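Labels run A, B, C and D following the written order; every chain starts at residue 1.
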């Protein structure tokens, strides 16, 4: 009987697990879409609350809405914890921590009052979107892109290091030429200006005013112009190469891989093969 | 006799159809160029009218010119409707609606007075230019380009999504660091600033003033610097690939396709083969 | 005897022609370098003269220097005309007109006084530099580059046309949203702002202040971000293609072509083969 | 005995040489990391000292820290000189001069007082970082990158020359159109503005205010937009080509080359083969 109970509970938990963690069933899809909508509404509320006119006039409505969302997230968090065999594995996973942090800000206001910093914490809910988007058809593309960026990584690192060196040297020189009277108050601020210029952002909050400073600024800009070409060229070449590799080895192609959203209830491992009945990591049986 | 009349009317309509909808005959070309000139003049007038010095001093001249253009567009619209076998198909097509909207603003002023929003409506005349430009030698190129953009689409979407996420997270952090006293009035405004910075536009209407804010801004800029490389690399690789595909399958090459401006009088379908005598869609005979 | 005289004069003219028009002899090289230096000095003087502190205090010195340069250019112009068989062909050629215009500003001041516009005319001397630089080792590269740009031309034209359309439509919308009270005085100014934003220049002299305007501005910027990728991708692919073509047909390679500076004394035609003794255009014998 | 002494001294010097100049031994690595940390601390101190609030309040602490660093660098410099067979070769090498200049600023203040320019000199310590970073795994990448930049060099030079010409011509025209009353004080300043605009930096400290000036500015920006594509396309194509070359000739691949940090004690030459026992340049035996 106890076994039967456990079996029923297990089935109930298995059901919840399927709905919450996977997106292969209609219920799972509805859950994911609902969650996505709630997260987006929550983010929009955080933004609107920060607008002085709205935040002050509709303070009560914002608090009520935040309560509704917090309760929803709390229930979701509890279900996530109890529907899994090894809850601590989830709790201390990346998304487990994000989920926890996304849920508690309102509870913390009991202890610390309406801290501003809690706003930022609520913005972290955005990261939860990534988990949900695993179901989209963009997986393949994102995978390919992140591969191209990863393989360009060291090159871009070398490059950005060079940018830093240029900024530090020219920033120091500009500080000496322009000086505090033209807004170049200190070397760090001067370096900040140099990065603003090299990256072609150009706020104009600080701008050289002496002829020599303007001449040097022109050189920095033209350098930035040539420099912008390098990371672009690199990514372009890498991406082009990775596209060719896909042609040669079609199984390498990210489009064919893990478009499957199965998650092992036991160990949370992902990327199971299509139609797999057992977890490739711990051997536990998978929902099907 | 009735039949003869109908035949004559049919020939007359066929003639108008050929002139208005196609650009293969001298008359059709003259019509298209005239229309292009009138549209451009109309657009320039809309722009100039918005310049306070001109709009106030030459109000009457602008009204007269607008009347002339409106009458011209009205006649053109009526001819378009009557010269076609299935007028409703045209009226509710994309260009049919654009044509209608481009023509009526002046008539509406009788009912609603000189609304400012009618200016914007008149700017939509610009879209009519696209229909005329189908005759240019740029079709092939535009086609190739739009193909490259379409095939890069999902990748760029993934990418822009990432940009949005970065903007929201850093926007919130900058709002907390800088706060309303330095122009970061609310999170949405802070996100706006973050997009302005990431895209290297850098208006400078809002700029960080605290050292920590400037440090973070420098990081955002350098990220934007690396980020700008990605869509460029993608389009470059895609375009390069599509060029290679053209080499392999020359018929794929956009330059060889539908440079023909035949439009079926019956069903408005396009892209007929060169020398086709009957519509590939409805079987009606084509002008030749 | 007359014939001998003519022969001597012909030899004298041939000598001058060789020095002025070609760069294969030591004298020709010295002449070109001298000319280059004089042109650059002349340009620097034009610039410095426009600086109020310098222009007012050293007015006399500037006038003297300008006289020296004008006399030098006058002599050069006369020599160019008399050393050639068909002087009118030179006089009405592109560089002939540039040379003439570069020389006369000072003479014109006798008739029109110190017009400001003559400054601009003197800046055209810059274009003369291109003729001299034909001798550099960069010819091959410049040729390859201009080929890549030319072949990308129609694509970039299509693209810039699209940019114009986007600017006009969004410019009009921004004018309606922001209006004159936030600096969007008229539609043309609004379009100007839109181009400033799309191209990621972002002066900040005009910036949206309403939330809706800032939201739209953010969309324009992100579009500009995606848009900047397209011409880059095109040039990159074209350039890459043209490099590959060079590999296949080495004679196509710009590096192997007309690095030779021979110019026919009779018809001014260029790009003679190495070691050619007669002009490929008019059959006149070439200097060797 | 003298010989034995010399032998001992030689071994002692050899040991120092190995620690200071190479990074293959644990001691060498510790030394390099220590040096890196000291250089970075030194740079941070230079920056912080320039911040008025810090520089004035903690003047004493900064002076003490600077003394500690200077003593450290002095000892290092002396060891570098004495541990090598041909000290003058080191002293007049690029890094020898940088090391000397990095060390002396504080000593110079005895003679010249606390000159501002000595700040800039201390920033040159940054260059010392490059020597240390030779040990990183980024060597291969940096090498590949610098190869791509070098081979794109002449093309980019041609290109930047074109940018200069465009800037000078449009700068002069803008000076004539806008004039000093709108911030275009002189032609050099106008050229500076033109470079700011062409490179899409757009500070906004100077911005056109007349309709004609804004129209011209729009053209300059759209040109800059098209222009930015060219260097990017070039680097991209070159980099792509150099990657392909690597595939064909794997030994060409920078990743396989001189990841070895051996430096000959006799002649300071580098890039010895792995496992080499004698210098490939002077034949002296290498540390192993």
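Points to keep in mind about this one:
Here, contacts are C-beta pairs under 8 Å (C-beta built on N, C-alpha and C of every residue); 3 or more make two chains touch, one makes a residue touch a chain.
These numbers were taken from a predicted model, which means no experiment stands behind them.
Residue-numbered contact pairs of B-C overlap by over half with those of A-D, the repeat interface among B-D, A-C or A-D.
For the self-contact between subunit A and subunit D, the two sides draw on mostly distinct residue numbers; the shared fraction is below half.
Summarising the inter-chain layout, the chain whose CA centre lies farthest from the centre of subunit D is B.
Taking each chain's centre as the mean of its C-alpha atoms, subunit A lies 48 Å from subunit C. Computed centre separation for the pair subunit C/subunit D is 34 angstrom, with centres defined by C-alpha atoms. Inter-chain spacing, taken between the CA centroids of subunit A and subunit B, is 34 Å. Those residues of subunit B in touch with two or more other chains are numbered 51, 188, 191, 200-204, 211, 228, 232-234, 236-237, 240.
Chain contact summary for the complex, subunit C toward subunit B: residues 154-155, 157-159, 165, 168-169, 172-173, 175-176, 180, 185-188, 190-191, 197, 200-204, 207, 209, 211, 214-215, 217-218, 221-222, 224-226, 228-230, 232-234, 236-237, 240-241. Of all residues in subunit C, only 51, 200-204, 211, 232-233, 236 touch subunit A in the complex they form.
Within the complex formed with subunit A, the residues of subunit D that make contact are 43, 46-48, 50-52, 55, 116-117, 119-120, 123-124, 126, 129, 137-138, 141-142, 144-145, 148-149, 152, 156, 160, 163, 188-189, 191-192, 195-196, 199-205, 228, 231-232, 234-240, 243.
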